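One chain, chain A, appears in both complexes that follow, with chain B as partner in the first and chain C in the second.
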Partner chain A sequence: MRKQLIAAAIGAGVALASPAVFAQQDLNFDEYRAMLEDGNPAELYEMEGEELWKTARGPKNATLEQCDLGLGPGVVQGAAAQLPRYFADADKVQDLETRLMYCMEKQQGIDPAEIVNGKFLQGERRQMAALVAYVVGQSKGEKIAVDLSHPKMKEMYALGEQAFYYRTGAMDFACSSCHSQDGKRIRATQLPNITKPEGAAAGWGSWPAYRVSNSQFWTMQHRLWDCFRQQRTAEPIFASDVTIALSVFMAGKGNGAEAQWPGVKR
Partner chain B sequence: MNSAFALRSALLSAAIVGLAACGKKEEPAKVEAPAPAVQAPAPVADDLQPKVEEMMLASFKANGIASLDRQKQDAVQKACSSPTQPDAETMKRLEAAEMATIQWPSDGNYTGGDWKEGQKIAASGRGLTWTDKTPDNNGGGCYNCHAMDPNEVSEGTIGVSLEGYAKLRGTSEEVIKYTWGKLWNAKAYNACSDMPRNGYGGILTEAQIRHVMAYLFDPQSPVNQ
Partner chain C sequence: MASPMRIRAAAKEGVTEVRVLMSHVMETGQRKDSSGALIPAHFITELTAKHNDKVVLSAEFGPSVSTNPYLAFKFNGGAKGDKVAVTWVDNKGETRTDEVQVS
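What follows is the complex of A and B.
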């Protein structure tokens, strides 16, 4: 089953890699997505993440089974749908990745700097992506339910909204340049209108996702990092306030809609 | 419809004014910046603004050509960072300042570029990210936002369609100058335009802009077929 999925994923990657085909495929992506529904290659990462969750690792040689993702130690079911949230123990608003990083530090003794200063798809960040896949997999079909009542959540939401409209960089773009109108496209790629609840839910609720164009599994931190790259800003720091603020803004606006985790994307 | 037409004519005369003022550069200096300046009609408390600015700096690090300078806003970026654009007077003031930055071709050659080169520049969305090595030789990314060649199916829709550009709008001096100005600094005509400032922002060189102009105006260009 593993092998078959990988083969399918690689095949899809190759087919989409040629630019001419790419455009056509992209326009028919819904069909393509339906085709993949029974075998989202992200499932491989979910399985790997589940194993990792239960594996004793790090200087403290501990598992993550006592990690509190917001619903109590060890509760994974439904946790992703309620993130980001304010955590009293850390006195911080944390998204899923930041929370996992916190648990890895506290329980396993893994230095967060390894993740913050690392690279996507490599080392501890790669492990983290598998853990993310596992955790969101346990919120499949759940409705986004982010609690905005804590003052720090309110502030993060407001900061995220401001950041969303914050024009900067070599091309004067803000997130809003690409994501504030209905039915717009960059080339053939559809852009969700994140200023509306449906668009925010579509954007927030379909990442992390498996990307068929490059056969990679990307978390939301990775997605945002790449949007900032396209926006021509400097490089956002992993788990920095701006990434949390934008996440709270999108998740909060998308509240109540069903998430599609983990997604399948071009 | 009428107002759109009026606006367009106003824009065109603005372009010509800009042209006349070219070289003197006194125009923005004359425009006095009123004290209350740009009020951000943001839905958020004012005391959040310093926090936002601080976050937009502290959450980033320099990487390659993408330095932390990119996190600081200039006047236009600052004024256009909320869901509602500034009042008409502020817009006009900003546009006048942007207009003064436009460099018109020194030899009067607006459209004599090579449309085939222009096509490549229009199609390429590369350049200026932290993974790009040099700030030269960037694409214009026009197809990310505009339809241009009617035979190209993979075109973005953030900007208006430019299909048949010269066929539909003609090649009068006004249209040509306006287009050059728009490519050099789109914010001179609409301070909060989503279109990048290609010339002013150092995205495209003068020669590259001339190639893109040829792509829009050359009768042989696929844009005009």
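What follows is the complex of A and C.
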């Protein structure tokens, strides 16, 4: 009798460990995300960012309402869907954070070094995250439409592609080690295949996002910084070329897909 | 000062569905900071929802509720243009009330 019980217990254990059960489990987060759609706490950051956009701040005591995100001064609606882009005034390819930093410097007189040398979730970077939430929220459901035609954009795309496949760090990892196959995951987190348009869109179009597990809102710069950290390599400088290049690569590959900003993550 | 809540209220077939997203740290009082010192408890203790002036929901919250809590509930009645107000009070005595019109 006892032996039979043990056999049954082992049987149950094997059944639990079977891949079929795991497959069901890892799909559950989509359901959870759907439930959270109406209550994504990232909206709190959006509200904060909208307020901040209209608040006079910095040494020049100005608002960001004249900030040109690429569609003209003050146009926020749909702007994030077309970023990163080449800006003639800065003669640089800029992603959303870099552009906001530029505006904060030019309009408000806030020193970019404060942001570049700062820490995530603190000080001016924390303020910027709220602004990011607001701006991307105004492109929710818009199609990603990054114009790659400018030579500097082409250059950035190529650099991004190179960085994506570049193996480095203590574990000799590249972005592609985790993000170039279908159906890969770390624990229950599905890793999008960024070499394909749908995977790139899934990644690019769902960050910035609110992470439920740590109650933090992460911008794309923050997400990329963490990828480098997970890669066990040198941490990238905030808004440095390599981070923008990777963004151009992802956004360019994801062109045409709908953005789900801001996202919500486990 | 406490940050605003995001409230949505929609009436359909005599029932109003209310969805509230609160901005609150909901610190349990069990966690320690990087220097090992205990982070003081700071969480919502009471929540009241009113339809016009009538209380339709009152709840006690505790430290087990997540950061930035989300609450959804329904009540009978309510029509377009009615007011729905939600108030919370936390253990430090801070409070916040936000109001929306039913859509």
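Everything that follows uses one rule, which is that the second predicted complex is superposed on the first by the 239 of 266 C-alpha atoms of A that agree within 3 Å, B and C clash if a C-alpha of one lies under 4 Å from a C-alpha of the other, contacts with A are read in each partner's own complex, and residues count from 1 in each chain.
Throughout what follows, a contact is a pair of C-beta atoms (placed from the backbone, for glycine too) under 8 Å apart; a residue touches a chain by one contact, two chains touch by 3 or more.
Predicted model, so just to flag it, every value in this text is computed and none were measured.
> After the alignment on chain A, I want to confirm one thing: do chain B and chain C clash, or do they fit together?
Taken together on chain A, chain C would fit alongside chain B, as the superposition shows.
> Between chain B and chain C, which one contacts more residues of chain A in the superposed model?
Partner with more touched residues of chain A: B.
> Name the contact category of A:K54: first (chain B only), second (chain C only), both, or neither.
In the superposition, A:K54 contacts neither chain B nor chain C.
> Touch check for A:S215: first (chain B), second (chain C), both, or neither?
Once the two structures are laid over each other on A, A:S215 reaches chain C alone.
> Identify the partner contact of A:R187: answer first if only chain B is touched, second if only chain C is, both if each is, neither if none is.
After superposing on A, A:R187 lies in contact with chain B but is clear of chain C.
> So in the superposed three-chain picture, is A:I237 touching just chain B, just chain C, both, or none of them (first/second/both/neither)?
Only chain B is touched by A:I237; chain C is not.
> For A:P41, is the partner it touches chain B (first), chain C (second), both, or none of the two (neither)?
A:P41 contacts chain C only, not chain B.
> After the superposition, pull out the minimum Cα separation from chain B to chain C in whole angstrom, please.
Nearest C-alpha pair, chain B versus chain C: 13 Å apart.
> Can you list the chain C residues touching chain A in their complex?
Where chain C meets chain A, its residues are 3-4, 6, 8, 19, 21, 23, 66-68, 70, 72.
> In the complex of these two chains, what residues of chain A are touching chain B?
Answer in residue numbers: 23-24, 26-27, 155, 158-159, 161-163, 165-174, 176-178, 180-181, 183-188, 195, 229-230, 232-237, 240-243, 245.
> How about chain B: which of its residues touch chain A in the complex?
For chain B paired with chain A, touching residues are 42-45, 48-49, 51-52, 55-56, 58-63, 66-68, 70-73, 76-78, 80-83, 125, 128-131, 143-145, 153-158, 187, 194, 196-197, 201-203.
> Which of the residues in chain A come into contact with chain C in the complex?
Spelled out, the residues of chain A in touch with chain C are 36, 38-41, 43-44, 47-48, 212, 215.
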